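Below, each structure is written out as C-alpha cells.
In the two complexes that follow, chain A is the common piece, with chain B as its partner first and chain C second.
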Partner chain A sequence: MSEIKKIKNLKEFSTSADRFEGANLLCPGCAHSIIVREVLNATNDDLILSASTGCLEVCTAVYPYTSWDASWIHIGFENGSTAVAGAEAMYKALKTKGRLKQPDRVPKFVAFGGDGATYDIGFQWISGCFERGHNMMYVCLDNEVYANTGGQRSSSTPIGSSATTSPAGRVSYGEKQNKKDMLAIMAAHGAPYVAQVAPNKWKDMVAKIQKGFAAEGPVYINAMSACTTEWKFAPEDTIAISDLATDSLVFPLYEIINGSELNITYRPKNIVPVRDYLGAQGRFKHLFTKQYEYLLDEWQTRVDAKWVQLQRREEARV
Partner chain B sequence: MEKAGWDGFEIGAMLRSFDGAIQDIATTLPEDRAYSQANSFTASVADWRINKPLFNKDYCIDCQFCWIYCPDMSIISRDKKMVGIDFDHCKGCGICVEVCPTNPKSLLMFPEQKDEDEALAQWPQKEKKEKEAGVE
Partner chain C sequence: MADTMELRDIEVWDGNMAAAQALRQAQVDVVAAYPITPSTPIVEGYATFKANGYVDGEFVMVESEHAAMSGCIGAAAAGGRVATATSSQGFALMVETLYSASGMRLPIILNVVNRAIGAPLNVNGDHSDMYMGRDSGWIQLDAYNPQHAYDLNFIAFKVAEDHDVRLPAMVHQDGFMTSHTAQGVCTLSDEVAYNFVGEFQPMNDMLDLDHPVTHGVQTEEDWHFEHKARQQHALMTAVMPKIEAAFAEFEALTGRKYNVVETYQMDDAQTAVICMGTSVETAMEVVDELRAQGIKAGVVGIRVFRPWPLEQLAEILKNVKAIGTLDRSSPHGTVGTLYNEIAGSLFNTGVKAVLNNYIYGLGGRDLTKAHLVGIYQDLQANAESGTLTTPLQQYIGLRGPKLSFF
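Coming up: the complex of A and B.
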C-alpha cells in the first residue's frame, strides 16, 4: 500500500508540486480549480482522472492544450464515473494476472463532474459504479447550475435561485424545487465514505479526501463550488462567499461512513443568518423585494431543520 | 491532401503533458519539468487581467493562504516561503489580496500598467484599529 501524504499545516502543504496547470480557461476566481488542486495535492500517488462534460472539462482540455499533468480522459457528459471505473477494473484485472509494469505503484482513481453531470445526467452511471463497488472517488463540483451552457437550472439548484430556465420576475421567484440530497442518496448505496466539503475549509477538505483515498470502495465527495459568473458576485469574493455558505450552514460540512455513521466535521463558532449568504449573491436579489420576502424565512427554517436533523443523526449513530 | 473518409480519422486524441518521461511528477517542481507544447503551462492568460496583484515581501508572514486559494496556480511558493507571482497564468481575480491576513496587506491589486517599484514605494502604512465607540 502506498503511504498517506503527511500534511500537518498549510506551510507543509505548500511544498506540493501542482499537477493541474495554469492558463486553463476557467473564469477568474472560479472555485473549481481550488477544489481540484486541493484534491490532487492531497496525495503523492499516481492519478487516473476523468471529467464529465462541464466547466472543468471544457476549460482544461481546449485543443491543442491540456491542463492536466496526470492521465486524464473525457468521454461524454454522463460517463465520467464509468470511464474511471473501467480503468479501475482493468487495473484490477492486470494486477491479478501479474501483468502490471510497476506493481508497487498504486494509482488513485478520481472522477470529476459538475452538479449537472452528477445530480441529473450522470446519475444512473454513478449509481451503477457505486453498486458495483469500484475502488474510486467521485468528486462533484457543485455550483448548483449548468454554468458551462449559460446557467440553466439543475436538480441541485436551490429554491428561489434565478436561473436562465427558471428566471425570477413578476410571476415567479425562480427555481421552485429544492435541492436533491445527493449525499443521503450516495450513502444509501452503502458507500464506505461520503462527505461534503468546501474549498475554504482546506484542512477539513484534505483530511476528507485522504480518508476517501484510504477507504476501500466507491467514495462520493460533494464539493461546494462558488460560481462567480452564475451566482453573480465579484471574482475576488469566492472565498468570502464560501465562508458565508459554510458558516450559515447552507452547506454543512459532514461525512457519512459506511452509509450510517454521520459525523459533523465543522461547527461554526458564530452561525451567520442565511439572509447574509443569500444577500451576497445576485441570483437571489429578487428575494429581497416585498413580494418574495417570505421566502427568506422559509430558507432559514429549512436550513435550521436540516442542521437539527444532522445533529440528531450524529447523536443517534444510525 | 486527400479527403478522409468516414473511417479515415484517427480515433481518439492524446495530448502528452511532458516531453519525455517523468518518474515522479508529484514531487517534481515546475522548474524541473519538461513541459510539452500541448501543456497549457506553456500558454498565457496574462491578457485577461485588468488589475494585477503585486507582492510586498516586507509584510509577508508566509501563511500560504494565497497559495492554497489561488485558482490559477500563480502563487509561487518554494520551501514554505512565498516567492512571487506567476504573471503568465494570473487572471487577476484578486482572491489572494482578499485572503491576505497581514496589516497592511502584503498583496494588493494595481492597474495592469502600474510600475512595480512605484507601487512598492506608495504601499499603504499599517492601519490602526478603530476603537469601539463608548469604550474607554
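Coming up: the complex of A and C.
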C-alpha cells in the first residue's frame, strides 16, 4: 500500500505535482479542470487515466497537444470506464507474468466521464466494471447537461432546468424528469466506496479521493461540476455557485461505504434557500414567475426530504 | 507460469477449438470477451483453459461486445497481447470500437466466426459480418477450415504486432461450417507456437510509467486526414510484405503453405469462381470433376480480404475468359462486394474477362456442388460467347422463381 499524501493547505495543494496542465481549452471558470486537478493532486502515485467523449476530453487532447502528464486514453462516449478496466486487467496480467517495466510502482486507475457518459450512454459499461470489481476509480463530472454538444438534457438534468432538448417555452418549464440518483445505484453495486464531492469543498474532496484510492475495488465519485456556459453564470462565479449548491443542500456531500454505511461529510452552518441557488443561474431563470412559483416550492420540499432521508440513513448505520 | 498442454500431432478440433487453442498458445495477456453463437465456444474454451491453469493472462468476461472491444483497446493501449472473438450481432455492436482500435494503431486479434446479421435473426454462417468490417481499417484473413483457423491466428499476431504494422487483425471462419465441424488439425507444440508468434514488444504502452502517453486524441480538419492517410499507408505498404514473410516462415516451420490469394487449377483456367470461406473447398471439388471432363475451370480463394490483393488478382486472372464472383452476403442495392472488388482489380488491366455475380448461402443455406456445376456452365457459356449470357447478378439456391438483377 502506498502512503497517503499529506496536504497542509490550499496553497501547497494547488502547487503540488501537476499532472494536468493549465494549458487546455476548457472555458474559463470551468469546474471540470478544478475537479481533475484536485483528484490528481490527491496522490503522488502513478496514474493511468481515461476520459469519455465530452468537454474534458475534447479540451485536453487536441493533437498535437496534450494537457496530460500521466498516461491517458479516450475511446468513445460510453466506454471510458471499460478503457481503464482493460488497462487495469493488463496491469494484472503483466504483474502475474513478471513483465511490468516498473514492478515496484502500483498505479492508480481513474476514469473521468461527464454525466451524459455516466448517467446515460455509458451506464451499462460502468455497471459492468463495478460488478466485475476492477480496481479503479470512476469520477463523474456532473454538470447536469451534455455541455460539449451544446447543452442537451441528460438523465442528470434537474427538473425545471432549460436544456436545448428540454427547453423552457411558452407551454413548458423545461426538463420534466427528476435527476437520477446515481450514488444510490452505484452503492447498490456493493462498491466499497461511493461519494459525492464538490470542488469548492476541497478538503472534503481530497479526503474522499484518498479514501477511494485506499479502497480495494471500484470506487464511484460524483463530482458536482458547475458549468458557466450551460448553467449560465459568470465565469468568475464558479466557486460562489458551487458554495450555493452545497450550502443549499441541492448537492449534499456524503459518502457510502461498502454499499450501506452512509456518512454526511458536510453540514452547512447556514443552510441557504434553494431559490438562492436556482436564482443565480440562467438555466432556471424562467421558473421565477408567478406561474412556476409552485415548482420552486416543490424544489425546496424535495431537497429537504432528501436531507432528512440522508440523515436517517446516517443514523441507522445501514 | 501457465501449464503447457501436451497435444497430439493431429487433434480432432472444430474451428472454434482450433482458434481457442491458438489464443492459448500465443499466451495472450488479456482476453475481454462476450459470448455469441457461433463463436461462443472460443470464449468458453479459453475460459476452461484458464480455469485449468493453462492460461495465466487475464480473462475478462464483460457485459457486451462493445465493452469487449473497449476493454481490449484499453488493455492493448496499456501494452500487451490482446485478443477476443465474436460473430454477427456482436460484431455489429462492436463496430464503433473497431474503428477506434485501428485508428489508435492497436494490434488486437479478433476471431470472427462469420454469421448472418438480422433481421430476421439467424444464427448460421454467412459473410455479412465479415463484409461489415471491410472499411474498419483492420487486416482481414479468411480461414476455409479449422486448420486455417488455427494457423492464421499465429500469422495474425505476428503481422499485427509488428512495429511497422501496428494494426488490428481479424481471423474469419465460417459459422458452423468451420466453427462446429471437427476435422484433423495438425498442431504445433506450445513452445514452437509461442516462439513463432514471439514475445510481445510494447510500444507507446500506458503502463510504462516513466513515459506517459496520450491515446485517442481529437483531430479535426487540420490533422484527421493525415492520420487516416498514415493508417492507410501502413495498411497498403507494410502489411502485405509482412504477411508474405510470415506465410513463408510458417511454411518453413510447418510445411503448410498459405498465399495472399489461393488458387486451384488456375494455370490454364478459362473460367474461374472467386469466393471465400468454406465455399472455396467445395468449388475445388467441383473443379476436379469438371477437369475430368476436360473443362478448364479453376478456383480463386481470397485469403487476405484486407488489405485487398488487387495486383495479385490482376495477375492471376489475366488469361481467364469468364469469372463468377460469389458473395455470401446480401449486397442490398448493388452488385456483390467481390464483384465490385474484382471489377475494380481488373478495370485498368486490359483483361477482357466476362464478369458476373452470384449471391448465395445467406443465413447458412448450403452451397451444393450442383449449384457450382450450374455456375461453371454459365461461365463456360460466357467464356465461349465473350459476353454475358445470363443476368449480371443471380441468386443461387433461393426458393421460388429465379431472382436476378442487372
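Here is the rule we go by: the second predicted complex is superposed on the first by the 313 of 318 C-alpha atoms of A that agree within 3 Å, B and C clash if a C-alpha of one lies under 4 Å from a C-alpha of the other, contacts with A are read in each partner's own complex, and residues count from 1 in each chain.
To be clear about the criterion, a contact is a pair of C-beta atoms (placed from the backbone, for glycine too) under 8 Å apart; a residue touches a chain by one contact, two chains touch by 3 or more.
Bear in mind the structure is a predicted one, so any value in this text is a computation, not a measurement.
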| item | value |
| --- | --- |
| First, second, both or neither for A:68, with chain B first and chain C second | both |
| Touching partner for A:236 - first (chain B), second (chain C), both, neither | first |
| Chain B versus chain C as contact partner of A:279, first or second or both or neither | neither |
| Which of chain B and chain C A:190 touches, first, second, both or neither | neither |
| First, second, both or neither for A:44, with chain B first and chain C second | first |
| Touched partner set for A:26, first chain B, second chain C, both or neither | first |
| Which superposed partner A:34 touches (first chain B, second chain C, both, neither) | first |
| Chain B and chain C contact sites that coincide on chain A, given as residue numbers | 46, 61-64, 66, 68-70 |
| Partner chain C, residues of chain A touching it in the complex | 46, 48, 50, 57-58, 61-64, 66, 68-76, 78-79, 82-94, 96-97, 99-102, 105, 107, 124-125, 127-128, 131-132 |
| In the complex with chain B, residue positions of chain A that touch it | 10-34, 37-38, 43-46, 60-70, 199-200, 202, 228, 234-240 |
| Partner chain A, residues of chain B touching it in the complex | 13, 15, 17-18, 24-30, 33, 37-45, 48, 62-65, 67-74, 77-80, 86, 88-95, 97-99 |
| Complex contact set, residues of chain C against chain A | 29-30, 32, 56-58, 60-64, 66-67, 70-80, 82, 96-97, 100, 104, 205-210, 212-219, 223, 227 |
